[in-house]
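After this come two complexes, each holding chain A, first together with chain B and then together with chain C.
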Partner chain A sequence: MRMEKVLANRLLQLLLPFSLALLFTSLVLLWAGASPIEAYGNMLRGAFGSREKWADVLVAWVPLVLCGMGLAFTFTAGLWNIGIEGQMILGAIGATWVVRLLQLPSYLLLPASILSSLLAGALWSLVAGILRIYGKVHEIFAGLGLNFLAIGLTNYLIFGPWKQPGTATMSGTEVFPSQAQLPNFGGLALGPVEIGIAGMAIGLTAILLRGTLFGLKLNAIGRNRHAAFLMGLRIDRNLFTALALAGGMAGIAGGIQALGLFHRLIPSISSGYGYLAILVVLLTGSRVLWIAPVAFFFAAVIKGSLQLPIEMHLDSSLGGVLQGALVLSVMLFRGLQSRMLKEKE
Partner chain B sequence: MDWNIGIRILSSILSESAPLVFAVIGETLTEKAGVINLSLDGSILLSAMIAFAVASLSGSLAAGFLCAMAVGGLIALIVVVGSIELRQDQVSIGFILTLVTTDLSSFLGNPFVRVPGPAVPPLPIPYLKEIPVLGPVLFNHNIVTYGSFVLIGLGWFWLFRTRPGLEVQAVGEHPAAAFARGMDVRRLRYAYTLVGGALVGIAGAGYSLNVKLGWSYQHTLGIGWIALAIVIFGGWNPLRAAMGTFLFGALQSMAGLFQGILPGVPMQAFQVAPFMLMIVVLVLVSSDLLDRFLGLLPEAVGRSLRGVIQVTPPSALGKPFERG
Partner chain C sequence: MKVELRAIRKAFGSVRANDGVNLTLEEGHIYGLLGENGAGKTTLMKILSGFLSFDSGEIRFDDEVVAIRSPAEALRHGVGMLQQDPLDFPAFSVVENFLLGWRKGRRLDRRRGKDLLRKWAEGLGFDFDPDLPVSQLTVGERQQLEIVRLLALGVKVLILDEPTTGISLSQRETLFRALKALAEGGKTVVLVSHKLQDIEELCSRVTILRKGKVVGELAAPYRTEGLVELMFGQIPSLVPRPQAALGDPVLELQDFCVEEKRLCLTAVTLSVRAGEVIGIAGVEGSGQRLFLQGCAGLRRPSSGRIFLKGIDMSAKPYGRFRSEGVAYLPANRLEEGLISGLTLTEHLLLSRKGSSFFLDRNEAREEMTSRIRSFRIVGEPETRVEFLSGGNQQRALLSFLPDRLTLLLMEHPTRGLDIESTRSVWTLLLKRREEGTAILFSSADLDEIVERSDRILVFSGGRMSTIRRAEETSAQQLGEMIGGRGL
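On to the complex of A and B.
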């Protein structure tokens, strides 16, 4: 009897905010003079209409999961790692740098460039950490500044030292040679390496956060930094570690975008997945096993909304409206529920 | 340099900073009451887009500005209801709102991209504009710029020279004490967040209808974050925040000049410069780096410089208040 009540409550907690978000998005669509039903139909077909589309959803899922796992560490530690977007971009730059630098067979070049993307992302996150811990600049401002710097750096490289022979264009650097492209499942944009890395990231994060002393320490720091300090925890070192883990995972996500999907460095290489991953984690909290499925839903919405400009001449940013409205209404609903509980007491 | 060029540059710094002044002072008022509205970047984008759309379709600039204020106020309302009534984290709500409103501006603004539209007409003030130097610098603008001047003075006077101003400071510094003295913490926080949001809305309209005419994809992206940083640099004081805004405007126009003079420096360096400046300034005002440096100076000098440079936020900023 009680189990059923809990389950019903859970469903309510999801269904009500979800309907509210759908309602809001439908109003936005109606205002733009479009049919919501047609739009959602197109989005569904755009995400799951064929084998290729399913694969495309997973292609977006991998970087979202990687960033989400990284953010699980920083959110647990009480850090607002908004710089995840830039860390992802630096990862793509790091991977491209190795591809341009080394002439190696695939089985050496790919690991080297993925390692480089990890390091680049981690180092970039440490810059935010240094600004936060020694410069006392809130990580939101440090991270955002570094995100804009990362975008500027990408554009500089594409239009400067790494430009295509002949003319520099918005389409990015030269296409990577075939030995620097991640292998794909026949004809799909998806490959085994990406899936494997995402799986490893999920496992590693779950173990580190839930099964180790390090996870416990991060939790203590996140809940009450001062108390953790009084208990003798080394705050700075643990915060740096959390940031480096987040930056490293985001870096790999960026590296995969370059090595597996675009096969070059392009101006918007991160596709905004870093910010989107923040939304995912705001929805789930740092509960690792929830991040993966919610990231899948978000990936489906992104890929589905790409169908809107093709079929209906609408901007694909509608997907972002739906995702943001969903997270916001879940949050507000959560607050409403605990307020009602309190009033009952 | 020719006098006239200098005057023209000063005048354009003032007029181009006007929207940012509205945003910065709006957010200063909000934060003074202890609430962070982090959604500025998205709020400015959406209100700029709505202002342009409304003004273009209705032909009325006033309608554009009013709708922009309503949009800014509505977003602020979500922040304040979410944090005060529903006890959710202000920063999270603000961040989500930033993303939603940015995407909304892209989606709804799609039909208005690069469409020509109305602009706020110039309104030189007769007689006053004839004053040498001061006239062309201060009195040869339009109503948005004059409005920003008035707002700077009014904001400062309200906060630091009136009783309601003193009350809002109490609410931002020590809500429990303010509550005990009979102030309605919750109502004041609502009021200042909504007014702040409406001013941010004016900032948006001030871009699309005045200094950055029209609408394009992510038309004003980044400027809201700059505004939030200037609020900190301004030490939550409207006067100082306005100085920060003008300083930022001056540096921007200097960068514009340098870009012409130094073709060797990549264009991207100028694009990211504002954000690098943001980080450097925040390090200066908040870290103890400066403290150590000032310690080397004679004590009297060091102490007064510290007073000028370092800032402290309202103590209860971003913290919920239980009994209100």
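On to the complex of A and C.
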């Protein structure tokens, strides 16, 4: 009886909203005069049609997972870390800075620049934390403001001090020397370092959040900050730590974008993955082991929808429609469910 | 308009706030609704004015059954309520607040509003500047504004919830004069209060509620002892009390003042000895919570000093108080004391000292199992705290306290608990006392205060008005002191 109930709940939480999102996207497709079946087929092929495409999906998955893991900390602590996007951008800036500054062999330069991206992201998140805790600026507004600042800073660097010799262009800074590029699997955009870092992030987050006193404290603070304070927990310190972990992981994600994918700093270095990761975490909550597969689904949708303009002359933003519809319908069903529960009482 | 409430029932979870209440209000009278905290007075009036829904029963206006689903609907029927904390918009000006809720016209006609406001205010003897932002008014003036606003909206039944809390004596006089004038003009006025003095001065009839039920209806003039007895139930005579040996002073207060936005606790000088139990009596919101939080280090004293075992703690943070062996258990167990969504074991892991960084959940579960047994908590180590009953939540809170405590500060230690749970909580508390912990607790239950304390503090309006030895005090006397008499 109880098992059935749990199963029914899962169904309600996953299948129904997913179907609703597909239905909505199909309607949008029909309205645009395209066959939904053909479009979904193309998206599948676009995501998994070849070795290269699989690799591309994983290339998008790595930053999504890193940001998602980071967000799991702030989410658990009850913080809305919208600033994740800016933290990611700062990570890319941090990595680029080290690449431009140091002349080192690859095995030293890459760790140094990844470390720098971690620190840059973490420091940027602490700015939001300071504004939140000492300035009483809500972290949503602090984060949003800092995101714009981060974009401004990137553009300033690309068109100012770090511009390409000759003329500055939107295409970004000079391409990194080969010792500053992450190694990849023969000809693919993907390499072992990114995968390794993503795996480590998942492991670290799972252990910290589920198996340590620190994770339990964040959980307590997120659920009831005041009661946690009365219990004697050090609220500020734990919130700062959660923010720093989130910023650090997002920073590494940004660093990987620069070191592994674009091999330079470009204006939209984050590809919006920070914001997308917020959607992922909205779907999963801070259940770490769910973040990875959901992020994978999102990555597949992004890459798969790139096929749409090529094959069907549809805009690739349809992928975004599907993602957005999915998040909204999951939240909708969650809302309906809690309302039903309330009425039952 | 004649208002009838018939067999109104309203439960919050397992608490029956209104348990079949009948009340009839006739035009042109001032009614009193008397009862101690939690008796169900405010709930009943919030139901009548549309702020709360009710479970069963009916409301009739002039013999017609009406459905009131929102405050706006109640206003349309002519019922308006002045909440204990005025529901105004501090950022807006007086006249803007006055105009809020007008249903006619789209344009905000400030000039006409000001004229109307002045007319109403003068009629009642109120006086305020229409252009001042509400945030600059006193509580009394905000009340007056709210009354004028409700009357201008056509209210025929005016309900006031504890209107004399936090206002000055002259404002009280003005208010009472205005209310009498309104009743003479044919309005119905309902005064919700737990102050005997208010009721005796103003109300021609009074209905007394206790534990969600009407226990008496009287007409003026009243016998004070009669009112007290109805409010608090049978008052037992003095009980012999066991003497306990007291130790050295652990808490000393010298001209100790704590401030909050609305309330300023005036200087308290007090010395509490190890093993002493002190009960704090007073109408809710008279400064008891502020006082306890000040003693817990949650609020810095605005002046004066606080010493723990001789150490000056006046400027020390809360964490330092905790490490000196001070514990504070707030009244809202589930909102402040415990964290919903976490299990008993997780609470233990968080609250005890020396939990290791990597959690050993098995060990903690065993430890919790043994505490569950010794504290008689009905629940499992993996039970989430929100599924425990009130008594079990309170025992769980006590089970998480550290072994050695200097000072235990509690708000309403047995509020909402049944007799059995109350007894077991006090058994645990008295054991602490024998170990030398000083206990300060606030309670609305006068019997509890008289029976359990060595000394009693009475608070009213942010003032500690009296210190008395419990053995020389009866609950009856205490009730009168709280009601503002016989100080």
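A few notes on this one:
We take it that the second predicted complex is superposed on the first by the 326 of 345 C-alpha atoms of A that agree within 3 Å, B and C clash if a C-alpha of one lies under 4 Å from a C-alpha of the other, contacts with A are read in each partner's own complex, and residues count from 1 in each chain.
Following the convention adopted for this analysis, a contact is a pair of C-beta atoms (placed from the backbone, for glycine too) under 8 Å apart; a residue touches a chain by one contact, two chains touch by 3 or more.
The model shown is predicted, which means the values in this text are computed figures rather than measured ones.
Partners chain B and chain C, brought together by superposition on chain A, clash. Touch criterion not met for A:A168: it reaches neither chain B nor chain C.
In the superposition on chain A, A:N219 makes contact with chain C only, while chain B stays out of contact range.
Between chain B and chain C, B touches the greater number of residues of chain A. Look at A:L131: by the touch rule set out above, it reaches chain B but stays clear of chain C.
When the two structures are aligned on the shared chain, A:F148 is found in touch with chain B, with no touch to chain C. Listed for chain C are the stretches 22-30, 58-66 or 94-102, of which 94-102 clashes with chain B, judged after superposition on chain A.
Per the touch definition, chain B reaches chain A in the complex via residues 38, 78, 81-82, 85-88, 91-93, 95-97, 99-100, 102-104, 106-108, 110, 222, 225, 228-229, 232, 266-269, 271-272, 275-276, 278-279, 282-283, 286-289. The touching residues of chain A, when paired with chain B in their complex, are 28, 31-32, 80, 82, 131, 134-138, 140-142, 144-146, 148-149, 151-153, 155-156, 159-160, 275, 278-279, 282, 314-315, 317-321, 323-325, 327-328, 331-332, 334-336, 338-339. Listing the residues of chain A that touch chain C in their complex gives 211-214, 216-217, 219-220, 223-224, 226-234.
Interface residues of chain C facing chain A in the complex, by the touch rule stated above, are 298, 318-319, 322, 328, 330, 335-342, 346, 349-351, 355-359.
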